[in-house]
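Below is the structure I would like to discuss, written out as structure tokens.
Labels A, B, C and D are assigned to the chains in the order they are written; within every chain, residues are numbered from 1.
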Amino acid sequence: MLVVMNVDATTEQIDAVCAAIRGLGFTPHPMPGAQRTAVCVTGNQGPVHRDVLASLPGVREVISVSKPYKLVSRETHAESTVVRVGGHAIGGGALQFIAGPCSVESEDRMMRIAEGVAALGVPFLRAGAYKPRTSPYAFQGLEQEGLRILDAVRRRFGLRIVTEVLSEESVEAVASVADVLQIGARNMQNFALLKKVARCANPVLLKRGASATVEEWLMAAEYLLSGGNRQVILCERGIRTFSDQTRNTLDVSAIAAVKALSHLPVVADPSHAAGRREFVAPLARAAVAAGADGLIIEAHFDPNSAWSDGAQTIDLDHLAAVIAQARAYERLHVEENASSAR
Amino acid sequence: MLVVMNVDATTEQIDAVCAAIRGLGFTPHPMPGAQRTAVCVTGNQGPVHRDVLASLPGVREVISVSKPYKLVSRETHAESTVVRVGGHAIGGGALQFIAGPCSVESEDRMMRIAEGVAALGVPFLRAGAYKPRTSPYAFQGLEQEGLRILDAVRRRFGLRIVTEVLSEESVEAVASVADVLQIGARNMQNFALLKKVARCANPVLLKRGASATVEEWLMAAEYLLSGGNRQVILCERGIRTFSDQTRNTLDVSAIAAVKALSHLPVVADPSHAAGRREFVAPLARAAVAAGADGLIIEAHFDPNSAWSDGAQTIDLDHLAAVIAQARAYERLHVEENASSAR
Amino acid sequence: MLVVMNVDATTEQIDAVCAAIRGLGFTPHPMPGAQRTAVCVTGNQGPVHRDVLASLPGVREVISVSKPYKLVSRETHAESTVVRVGGHAIGGGALQFIAGPCSVESEDRMMRIAEGVAALGVPFLRAGAYKPRTSPYAFQGLEQEGLRILDAVRRRFGLRIVTEVLSEESVEAVASVADVLQIGARNMQNFALLKKVARCANPVLLKRGASATVEEWLMAAEYLLSGGNRQVILCERGIRTFSDQTRNTLDVSAIAAVKALSHLPVVADPSHAAGRREFVAPLARAAVAAGADGLIIEAHFDPNSAWSDGAQTIDLDHLAAVIAQARAYERLHVEENASSAR
Amino acid sequence: MLVVMNVDATTEQIDAVCAAIRGLGFTPHPMPGAQRTAVCVTGNQGPVHRDVLASLPGVREVISVSKPYKLVSRETHAESTVVRVGGHAIGGGALQFIAGPCSVESEDRMMRIAEGVAALGVPFLRAGAYKPRTSPYAFQGLEQEGLRILDAVRRRFGLRIVTEVLSEESVEAVASVADVLQIGARNMQNFALLKKVARCANPVLLKRGASATVEEWLMAAEYLLSGGNRQVILCERGIRTFSDQTRNTLDVSAIAAVKALSHLPVVADPSHAAGRREFVAPLARAAVAAGADGLIIEAHFDPNSAWSDGAQTIDLDHLAAVIAQARAYERLHVEENASSAR
């Protein structure tokens, strides 16, 4: 940590800052500069102390040096984590796919979608039994009945189920059916939910909040890892910006950044980023190009009749094309790595 | 709703859109224009239908006309709501104050702060027993012991307690002590929590999410009202922008907009908006000037020793000055209204 | 400046960083920490060197300490600047007002507006002869004829003219009529224009760009001061955010921050921030409450017939009310300062 | 255009709106709905009228239907524009590359970079003789001498020069050397410059402003086309958001959107989006994946010694790798199109 003093800070003020640092159990190193003095602090630090130092007379600002996450950091765990679910891997080099409707609609419709998804060789089925909706008047999901249908689908097609849990009270129920527990963007900093899900044996897909920095996202993942669940998949799904051609702005830079900062796998959700069917394919390609370990895509046999998110849902032929494009990119990357390894 | 067709949309495409609208139970009104045709839709609409229409061939975009919130809207309830808590009113013209530390620290310290707050004539005490923290390694609040202390403080000084509930599982415990349940910015769209709090008898202070639009914020309040709790106080606490001199950007326009769109009272939190002590007073004044019904301010007898949020916490003399400034503004507004009423 | 090394940086890498720092003419101070080493750099620095250091092996990031602006900084010039225009002051304590239409429309209409503005005791008239418009098909201003009209208005009513210059080629023509040259938000980083205006004798009103940080805004002002023009008035006019109830988001925090960081006066433009007539008054009050030295307001005798920006333009009675409210706030601040000085 | 009335709008208010629409020369079509009345307006409209209608009593909002750009729109010009420069095409299917240093540094260094760029088969050289810098104290470019060097480089290596013009006064001088005139992000809405450049014979590369919507960007291009210059290349270079791992947030959605909305070619600048060398390759790939027609990349034989933007500049081997990756993607797209055409 670095405590930057005002240009006109007095010797007494600098001494007081040094004393405060010592009082907190750290070591101060005052560095007189041409314009002003800065005091370097060595030792391990917490946010509380930062605030205290920032408030002392003569202090202009306090700059943090150490990153606050530990278990998710690639600095402490260089090897990429591979999350394994029933023989299928997410992370570690190969591209993985998750597809399905926004919400579970009915057993018949769900079976039909699952059949189509399985036929494309996609091992993971996504569908929400519990839906977070901006409006209390919008369809909130089939809930328990939705879970029952998902379980039936899993048994019939052998698909692995990725489904959202949005309430502490339903964690057990959802975890009994889900192969992967999804935590949605709006709940990324629902710390009570994170703590509860951290104690589950299921892997977790953690979506980035629409206005979360990469650091906040990694800190949310740190809640899961420090709570005991190390099977975490990160999911970039677009951030809120002023740009208005898509529902959210897919932050491909964040995909590249997270791959560098953390050992956890990162998948991308081009459907929620786009908000419009026609942009799902280019955003899916862009995410893979930036380094995503997989894609989670909203797909339906008849998107126009979907009960929710229809405008961003693609049909199964469209899904087949997106997967083919992504796999072609993947082969290129593999060839390139092979050639650069020679 | 308005369905805008492409410039080159065919008559068949327009007919198909009209048929789809009729199929959904509404009435289409095609409006041929100089450049393109638009189809007006009359009747009540839901988001599902919007998506379906947006996906038809030849359709360029679908524009919504009706606002999605009802119970919180001033259009349906013209008179301003006044939330009453133990003889103290929030909303309805007079300015109200809520003050206290970020978190409950210990019984002694809490008593000392409460005494100072009460001495300033502030009827509401804020302090968190449960704290939402970005880092799992940061202080998470005294929890149950914090609630016990708050209860003791309330009994001794007659202050009304405003404290955050951040977990469904602790709603009952917090509600048994809190006079007002606070829902934090990160939980604004924690719909499971909103639904549970909607069934409480306690009034609710609902903070705006850091990246929530005004409409999303009002929809979150709609969850509370439609769930049965009409004692809702909105709280503007700054939004996330690129502007970096303060922790968040206090959105004073939103205060003015919400006062026009909704009948619910709106208070402002200049402490979290500022993130820095020195800006609490100007932001508090700006919020009152824009029409806020009250202020919620982090205050402590010794901010530099506060366990959390110390940098944005002001001491009790500073709090007295902020309240005096706000009350002077309030008197001006009252005089002005009196003079314009004559 | 602080060079933060990677956790696994080698001694050789740290030595190389120190050597590079010395090679640039500065002094390195390596600070070994618990987790990693940071190297403090003392001496004066430029951005080129920062990049060079950031690129060396083992370096994780380079953190700047010194602020890059000098002449505009309150650290180097503690006393508030007062810009004087024909006997009228902007800055230094008293509130100042600038009002008028978005654009010069015709001599008759301009005279009628000017008469109304002057009758309210407002000494500065704003109106654009040259208009920056998003669309090439929108009205671009009366240009030379507009300047002629402004000159006539000034002679008749003794008003001081604030008008925008948006082209290097018209700086002389505009400067021959304008008492204050306005540089619009879109031209805040038009450095060619800044350099040319810096050589004018006229005071300058420099609007903040819609996505400019406070630092970038102050650096744009630094172009004016370092180019020889010290009569600079800053103008906050709202920033671009996701918040959609107003045209822009008035950043009242920036007003407070700039008053602390710089000695230059700051006025606010509630009209462009609001984009809607009904929000001009609350935003004007909020800006004054946050510490603005004045207001620039779009006003017209008949806003509905205004040629541009009609929706955010207020009529003259409305203007009178806004001014009265602002002056009442000003009197409060003066009383408060007097009382705290006793 | 659609004029939405308040829920409680009176028949008189609706009649007045219809009369106002007729008075403006258009045709009103009142559409009574379940909740409120909306009035559709047919005929061609301008922004002035919109404001007037928005201000009438009983009107809640006015919604535009027609997009304001014409010449740049794919609706009016379905075929993709190909900009041809000395036998090299930008747009129309094949990927194109532009590379070089941020700024012209010296004749020797420039020759060395140009030789490297030409050796990679890149036909376009980028380098700034005039540099827009946030600080007046930063290196502002070699100016006239820089142009002379660029001319010498062009003659020697046959490279086509892409260089920025940032002042009206230097348009002629820059245009006499440049093959493509670059307009930088900060000048995207410098309308005086746009108008002057519109009259040049040179093709133009128009960067998107850091906070420009796609519509504003296309309107800036409309200034060029409507002013007579149809050889316009758009350039996405990242937008300003809260996301802080990169200098800007590359908006890949905007690339896909602009390809759909406009016939103009779009290139991407991964260097300015990234701000950090290590992210140039993934962002370059993502841009090509999203549909970019080319890449403009900052490259140098020794990035660490670059006079500006060194941290985001890559060396020539790195450039070769990025180009190879982009070309591999391009071949995939070509194969895919061939296969889908069969």
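Following the convention adopted for this analysis, a contact is a pair of C-beta atoms (placed from the backbone, for glycine too) under 8 Å apart; a residue touches a chain by one contact, two chains touch by 3 or more.
Quick caveat: nothing in here was measured; it's all calculated off a predicted structure.
Separation of chain A from chain C in touch steps, taking the shortest path, is 1.
When each chain is reduced to the average of its Cα atoms, B sits farthest from chain D.
With centres defined as mean CA coordinates, chain B is found 26 Å away from chain A.
Note: centroid distance chain B to chain D, computed from Cα atoms, is 38 Å. Separation between the centroids of chain A and chain D, computed from CA atoms only, is 30 Å. Among the residues of chain B, those touching two or more other chains are numbered 211, 240-242. Chain contact summary for the complex, chain C toward chain D: residues 46-48, 50-52, 54-56, 68-69, 132-139, 166-170, 186-187, 189-193, 209-211, 216, 219, 222-223, 226-227, 240, 277, 303-311.
Of all the residues in chain B, the ones that touch chain C in their complex are 211, 213-215, 239, 241-246, 249-257, 260-261, 273-274, 278-279, 282-283, 285-291, 325, 328-329, 332, 336. Chain A contributes residues 2, 4, 6-8, 29, 31-36, 38, 40, 42-44, 63, 65-66, 75, 240-242 to its touches with chain C in the complex.
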